[in-house]
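Each structure below is given as structure tokens.
Two complexes come next, and they have one chain in common, subunit A, joined by subunit B in the first and subunit C in the second.
And now, the complex of A and B:
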């Protein structure tokens, strides 16, 4: 009984929060509901016994949305309402129709239950992180390593882009020198 | 109802009450310890040794007028303290607080029941606690952004900076002990160190221990990393506009985070609630937690604040490479 209550609670809360994210004009409401929705999705993982994935969901998205907040702080006055510019009605129509189509397909798919099955059934005796590890390092080893290399490339790219003057500390440079550079 | 459900509810209520009370007591201890280290007396006037100062502060917080600034985002403004306090308590739910024990048979009704050491025994306890404490930083972030105050915005900008700095170090520093133990469950950590002081992980992983402590200080906003509410620079940072009970909730959250970090350090590195010679396990855990709590006050009394750019430099250029090297060496040793 508890699982059903929890499932419907999480479902309604998640959908409601993401609706707020999409429809709100206030950047603070939008990002807060995004963060809360991302954390609440972890609840579904916990309900299905995938504890490890649930916690990874929390840790990853807490950090990721935190970075979004930082951008929001830099570019907007967060307590004011943002005026949105709607550039093309055709784009809105296209996105709306395609999302509606996607939803219909998603809700219809359980009608054919044979189509939904676990491609890698979990080991009965392994704990949750062990089960994830076994699948990652046996069947999906190549995609795992490729994504690791991609992340490494992204990290090196980030360091090169950001690190041109890393050995200089802005707080140690005199104010006059900084203002001279700004003039140039 | 299920016996497990009732037992869990009882434990949740007990932990909530005890930790909230301890947070108040923690402020008293902090003021006294800091005072003695700075050759002052601290609170002395209210009650014996100033002990009733806690009650006086509590009454003051409860009865103070609750002010919400005019241009603040009222909903987020009142939500932020709840996030801090709630996540701090949720994190405590996956931390072992005492050895598993059996209630004596002589008691009526509940006699013979086994009380497990953790409220929610998830088998990924350590990650859950760290994730919840990370989510707790949304409290300061939202508080600073919602209050329409420049000092608050600076406080929440510093929150983001601090989070993005220490988070990597926390994860990497506990990774090496996790590799040694081979489990993410805090109970398994405890039983891996059951052989007395010699089997504590701190002897095998001294670097990871120091890194975890430093990251833990940053996680709980303790000096030298209390950038978020640096009085001398940004008034009070994210709590500038808060008063009364809402301000008190930030405080309770911060102090229960201090307890959580102390318990984590004790369980991961220092044997947890294993018996310590003639000292029984529950008392041993309490002593370790008290020591780590005292360590936080000690550091606060003896170290100055650092700047945000110094924190980033420290975390990304010193601590993270150290943690990675530590993990590589641990991996080689485990493989051999």
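And now, the complex of A and C:
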């Protein structure tokens, strides 16, 4: 009973918030509703018994990714609305739904439900974080290390990409100097 | 009773919303937001499948998707900042500078 109430509440709220994200013209509204939707997605994970995944979702998405977006937005002039040359909404709706349906059919049709079996069943007496740790550090150790290296590369790449000319503040110098720099 | 199909339908709807955003929006930052929505939809499907088949592999893949999303945001925002310093706009149509 409570599971059903929680599921429908979470699903309607997430879909509504993500619709606001996609169709809003104001970037601030879009970012706020995206963060709220991420929290509710963590609710789905808790409903599914994936406690550790839900906590990681809140920490990484709502904490790190949203903070990164907020910092990135300070570089952009968000009050200036980007004039969008919109294509027909009905066509876009049709294309989006049909492509999503096509991908679901493509990837799910070869999988007969009887062919799915649990290759990594969780430990019977372990809580979810314990079971996740056992599997992550035994079977999925190599992908774990590779993803650690990938995060390191992404960090260095982000610093090098965004850190150029960071010693000069764009807000303190005059507009003409900026445009001269753009010409160079 | 909530079954696996309920979760998969919600995940499909979220994925379609993200795809509509990618097709419709011309603002590059909004494109990133829509990509996040699509990645999250995949995560919901993975977590639900993992629960209903009593298997931890789905949760593992969801972890790796979260790691990929984090690094994508770091690199992508760095590129966006470079583009904004160079062009002064985030419009996707202004990127089409290689028309013959």
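Quick note on the criterion: the second predicted complex is superposed on the first by the 107 of 184 C-alpha atoms of A that agree within 3 Å, B and C clash if a C-alpha of one lies under 4 Å from a C-alpha of the other, contacts with A are read in each partner's own complex, and residues count from 1 in each chain.
Throughout what follows, contacts are C-beta pairs under 8 Å (C-beta built on N, C-alpha and C of every residue); 3 or more make two chains touch, one makes a residue touch a chain.
Keep in mind it's a predicted model, so treat the numbers as computed, not measured.
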Partner chain(s) touched by A:35 [first = subunit B, second = subunit C, both, neither]: first
Touching partner for A:141 - first (subunit B), second (subunit C), both, neither: neither
Touching partner for A:129 - first (subunit B), second (subunit C), both, neither: first
Touching partner for A:9 - first (subunit B), second (subunit C), both, neither: neither
Partner chain(s) touched by A:102 [first = subunit B, second = subunit C, both, neither]: neither
Partner with the higher number of touched subunit A residues, subunit C or subunit B: C
Partner chain in contact with A:69 - subunit B first, subunit C second, else both or neither: both
Intersection of subunit A interface sets (partners subunit B, subunit C): 52, 56, 69, 72-73, 170
Sites on subunit A touched by subunit C in the complex: 3-4, 7, 11, 14-15, 18-19, 21-22, 27, 30-31, 34, 37-38, 41, 44-45, 48-50, 52-53, 56-57, 60-61, 64-65, 68-69, 71-73, 75-76, 82-87, 89, 92-93, 95-97, 99-101, 103-104, 116-122, 131-132, 135-136, 140, 143, 147, 150-151, 153-155, 157-162, 164-165, 170, 182
Partner subunit A, residues of subunit B touching it in the complex: 71-73, 75-76, 79, 122-124, 127-128, 130-132, 134-135, 137-138, 141-142, 145-146, 148, 153, 156-157, 160, 163-164, 167, 171, 183-184, 307, 309, 313
Contact footprint of subunit B on subunit A as seen in their complex: 26, 28-29, 32, 35, 39, 51-52, 55-56, 58-59, 62-63, 66-67, 69-70, 72-73, 78-79, 127-129, 169-171
Contact set on subunit C toward subunit A in their complex: 1-2, 6-7, 10, 12-21, 23-27, 29-30, 32-34, 36-37, 40, 43-44, 47-48, 50-51, 53-57, 59-60, 62-64, 66-75, 77-82, 84-86, 88-91, 93
